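There are structures below to look over.
Presented sequentially are two complexes of chain A, the first with chain B as partner and the second with chain C.
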Partner chain A sequence: MAPAPRATGPLRRWFTGGGAAALAFSLPMILAFGFFSWWPILNSLILSFQQTNLVDPAVWVGLSNFAAVFADPLVAKAAMNTLWFTVLSVAVGFPLPILLAVAIGELRRTRSIASGFAYLPVIIPPVVSVLIFKQFYDPSSTGLLNTLLAGVGLGPVPWLQTAATVMPSIVIQATWAGFGAATIIYIAALAAVSPELYEAAELDGASIRSRIWHVTLPQMRSVMLIMLLLQIIGAFQVFTEPFVMTRGGPENNTLTILMLIYNYTFISGDYGRAAALSLILAAILALVSLLYLRATRGWSQGK
Partner chain B sequence: MTSTERLYTRAISTRRESRKEKPEDTDRSILSIHDRSGRLRGMLLALKIVLLVALGVISVGPVLWLFKSATSTSQDILREPLGLWPSGIQWDNLVQAFTTIEFGKYLTNTLIIAMGTWAFGLLVATTGAYALAVLRPKYAKVLEFAVLATLFVPGVVTLTALFLTVLDVPLLHINLINTFWAAWLPASASAFNVLLMKTSFDSIPRELFEAARIDGAGATRIFLTIVLPLSRPIIGVVSLLIIIASWKDFIWPMLVLPNAALQPLSVALPRLAKTAELSLLMAGMFLSVVIPVALFLIFQKQILRSSGSMGALKG
Partner chain C sequence: MKKRARSLGAVILVTGLVALAGCSAAESGGDDDGSVTITIGNLPSTEQAASRDAILAQIKAFQKKYPDITVEAEETYWDPATFNAMVAGGTMPTVLTVPMTEIQSLGQRGQIADISAEVEASETLSALNPTIMTTVTGPEDEIFGVPINVYSQGLMFNRAIFEEAGLDPDAPPTTWAEVASAAKTITDKTGVPGLVLMTSGNLGGWTLTGMTYAFGDLMETSEDGTPVANVDNDSAIAALEFIQDARWKDNSLGANFIMTSDDSRNEFGAGRAGIVISGTDLYGDSVVNRGMDPQDFGLAPMPQAEGGLGALGGGNVQVVSATASAEQRDAATKWIDFAQIARFTDEDQAVAAAKAESADGLPVGAPGLPLVGADLFAQYNEWIAPYVNVPTENFELYASTVETIPLVPEPSQHAQELYAALDPVVQAVLTREDADIRALLGDVQTQMETLLAD
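What follows is the complex of A and B.
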């Protein structure tokens, strides 16, 4: 290492006292976050008030990017689609892992097999899982799911072809890909519940159902509340599934907010408008989190 | 034995013990032995079988179907998706995936991206956590706050700005598009990995560092000979998290690697889905899940434990 600059006392003391070493060890983190986290966050703010095409100098345009976002009829469509996806995916994807974890938690010798089964879809790259399901959703009567439905006298269903069926189809795939991760977290939370609580409940004559209702669920409450919030935030940012499955179709019925940001950036090259829409999405997510955490503060303490 | 070594061995053994003491499997949960042996026994057994079979069909079924399709003709996949190889097993598909759709090239790219992301991710997480947890310079609190604050900014929100950063890196004015650097570097700014690492470093007894310092060890020596060896479990966990996330990533590599020759499997497969023969696409998809599934089978316990504890950390 280069000798400390001969000069002032404080600098030398800083160097020999470990200040240089601390800075050297902090540097990779400062550079990584500076370039790829802090600056992009700041630049998002700047971009949203600018008009830029990367060639000419950027022009400050005030709130006109935000005005352009609200004037775009596709924004309302994308917002409704994203909301619909969130409602559907949370309605299925929130309770399912809880029920599954409670059931798997009762297994003894087969518990690790069941956990492994549940987690396997999480390991499959999302793109592959979407392409598999795209094949399952073949609308013809020889499609895999339609063959299964025909076995019970239903169908054929035009899975990805109509406005009514396309979002539920995407939600089914997204739930398949994601339920395992949440299930494993709940299984870990269940394992932390003290056995004495069940012991006591049983001595008091509590049935299995009331043990689940009065012991298991309250003990998992804080994990459940956080998971619900994370699932909502995740669902708001859905991109890969509709992008690979339908490209937003049919007739923009699976166009999501994030896909619109993608279109603004990479198809129209309108970075200002993309940044404005990103900020609006961030603000909505922050607001949802804030309201949610405030509303549930009392419950999560387990009172 | 110097005082450092003594402390060091003690720290390792207490860590081992504390891991052993953790109850692996508590004997009772909602159901008691009483329930299990009582009149509910038959019904519980039936429920268990239904649960395992349903989970197996739903989770493993599509993966097995992918294997079947990877070794079927395109005709069979379309006409009889549930038939078991009506035209015989086409092992040749798996070979042709390497020649016709250049599976090997995309697999190599995937591996290069995963390894580079892993190396830079670990570098940033370990050195950064060491600075925050052990060296603690005066600005550590500010730095820690700035890093943790990014946890609350959803990644996709900065997608456009991050893309522009990579297109023209500030100060340096380099364009990273169509280079692996664009895939490696941004992923290393993960506050979550720094946080996981820091939590683990925080639990190393501080007397160990004091003793090492008295023995004349500098910051680098303490990092390499004490902190890293004592943190092998968490380094393993973070490594798995980084590699799995990199393998699964789609949107970012798609944006920064428009050159098909550099794309990983996750980006190449949807592109090939439009043009390639269906049977070969299925073969490529199957081959692309072999490595992650094999890793999962080998490290199942570690992966499940770390995914579970992530919830505890979030909660």
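What follows is the complex of A and C.
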């Protein structure tokens, strides 16, 4: 393990500066990540140009997996569905946790209880909460939600049964299951806002609304921007909810990109095509993130 | 906000495992001294102690008979989500039980072994019911496995609900018109959906394919050995029109039209469905897993319209790993023969298996099709008669038609993709009153033509 004796310059400085020790300490993590993350990612990149049955050696097929993806009429459908889910879930799921966090932030004695309740749905395993909602969404007039609606003279709503209602129904569930985690992050961000700013605003006679508008929101700007990006990326990768709740139905109206990848793999056994579509999705997400970060760079730095 | 899906990871993981496959797949089961080791899946867990012990005892007896073969049992089961990783990692057991509906795609993909040579060399296996063997025979006469239990698609109905609706459970519907009227009567009289159809997870397509057979057409025909898509046939239209009328005229199909297999089993097991179209294996699941009263379980053959082709077959098949060596394939086939088929010619084995299943509370004598000739099957039924724990008198109609209604295999190519493409068609007819049946089937026809042309 001795360093090359004649090594001078940057390498020597790196070694004497503790670089080797740092490397040794991070080696287990690098190996674990390399083996379980980067190596599979590299392999799926390779697989998207191959055809394999996982038994015999894979065959190189050039771009034919990508051609197969673009020839599949379901890809456009799945892309539109995914986009629609993203729009809906961000429209509802982005502002909700912010409003809730601000409201909880205004509380004094019950703040920790309230944030506990907000976080509660996150504790329930995703599949379980999806299955619970699937029960709630029983379309008959005796279904749970429809019984409640009947009490106020509404319904019965077909929930998961029609093209128009199915995606909003899934978004309601997804938002319910996920808003708690975002709320907690916003509450933490709120706690970091310096109290002097509020005091100054109060002295200037600012109302609650203008305090929120001129102090709270600008102070949380960078957190909000990152949360929005994460939500968009997460929404693009929606799988569990439509898979468990509707299997993509009715009439493929909740078939998402990730479900299509799943179907390619587990129904068609076409691993190459699944890898190709995964790669396309990853590329799109990378591009979206890049553009987003570019576009908001100035704003998030408060300039 | 969204719970991040793991599927992308799953795909990536599977691909990662491809690399690992290289290491373990090369493993050889044969030794120089002629001894060979095979692993077998589907060992019952300790929950089913008697069945587990019975298999372990069978292994001992088998190894006594074949001292050169070592059998290692493991609790590995078929699961579509883990099977790929198992294949890629080379950890698939030499012998595994797989649903019949998966056999053709696994075989044609080369993920399981062609054991035609071994089956033909075996006296007992080559004598299995030829109709049943067609379901596991590939397009080039490969044999992809050995069926170990077989059933046909039929009408499962709730006898208690039939009685409540004033219908005679001993005279279940035998035509589609009678199915429609029974479903309507049940809905009107009891409020329970008369007929519950599976619509998702490929089961909508599976159901529609079976109904199409019963109305008289195949979804895939064959021209000079090449499969031809035949999705937009008159029988499929008739079957969908039957569904359309039951849904929009009679309103006897309930309100939930996103029905996976599990959903429909829950509804049926809980007494919230009059009739379901399913495989007869539903008996075990409804009674053992979902607590249905065995006396309530009714069973009728799939009604055949004029010119009906027969009933879609289903069941379980034992397959051999694609990476098994020639010696392992031979040993595996011997094992399947010994453990699954010999019971039809060996009284001790038949009794031991039935005894263990009955001790574990599993159904003995549940309805199914005979794997072997009628004489052998009758003899076998006599042997296990003391352990039969299902109300066989309720299955008489089904049992008496087993010989007369032919078993029609699933489409031989891309059956799962066909089913996946037909799910939305069934859903459309159930959820949109203006669904255009011909246009919907035409779309699937085009998709299948493209798939089959590849």
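Details
Rule of thumb we're sticking to: the second predicted complex is superposed on the first by the 273 of 303 C-alpha atoms of A that agree within 3 Å, B and C clash if a C-alpha of one lies under 4 Å from a C-alpha of the other, contacts with A are read in each partner's own complex, and residues count from 1 in each chain.
Please note the rule applied: a contact is a pair of C-beta atoms (placed from the backbone, for glycine too) under 8 Å apart; a residue touches a chain by one contact, two chains touch by 3 or more.
Given the structure is predicted, the values throughout are model-derived calculations rather than measurements.
With both structures placed on the common chain, the touch criterion links A:T175 to chain C but leaves chain B unconnected.
With both structures placed on the common chain, the touch criterion links A:S112 to chain B but leaves chain C unconnected. Shared-chain residue A:G249: touches chain C; no touch with chain B. After overlaying the two complexes on the shared chain, residue contacts for A:N53 are found with chain C alone; chain B is out of touch.
Shared-chain residue A:M29: touches chain B; no touch with chain C.
Of the two partner chains, neither chain B nor chain C is touched by A:G62. In the superposition on chain A, no contact is made by A:G9 with either chain B or chain C. Considering which of chain B and chain C touches more of chain A, the answer is B. Contacts of A:G153 after superposition on the shared chain: neither chain B nor chain C is touched. When both complexes are overlaid on chain A, the residue A:G205 reaches neither chain B nor chain C. Looking at chain A, you'll find residues 36, 39-41, 43-44, 47, 54, 126, 138, 181, 237, 239-240, 243, 258, 261-262, 265-266, 271, 274-275, 278, 281-282 touch chain B in one structure and chain C in the other. On the side of chain A, the complex with chain B involves touching residues 18-19, 21-23, 25-30, 32-33, 35-41, 43-44, 47, 54, 100, 102-107, 110, 112-136, 138, 142-144, 147-148, 176, 180-181, 184-193, 195, 198-199, 202, 208, 211-212, 215-216, 222-223, 226-227, 230, 233, 237, 239-240, 243-244, 258, 261-262, 264-266, 271, 274-275, 278-279, 281-282, 285-286, 289. Considering their complex, residues 1-8, 10-19, 21, 25, 80-81, 84, 87-88, 105-106, 109-111, 199-202, 254-258, 260, 322-323, 416-417, 420, 423-424, 427-428, 430-432, 447, 450 of chain C touch chain A. Listing the residues of chain B that touch chain A in their complex gives 23, 26-32, 34-35, 44, 47-48, 51-52, 55-56, 58-60, 62-63, 65-66, 69, 77-82, 120, 123-124, 127-128, 130-132, 135-137, 140, 143, 146-147, 150, 152-154, 156-165, 167-170, 185-186, 188-189, 191, 194, 218-220, 223, 244, 247-248, 250-251, 255, 265-267, 269-270, 273, 281-282, 285, 288-289, 292-293, 295-296, 300-301, 303-305, 307-312, 314-315. Listing the residues of chain A that touch chain C in their complex gives 36, 39-41, 43-44, 46-47, 52-56, 58, 71, 73, 89-90, 93-94, 97, 126, 138-141, 156, 158, 160-163, 174-175, 177-179, 181-182, 231, 234-235, 237-241, 243, 245-252, 258-259, 261-263, 265-269, 271, 274-275, 278, 281-282.
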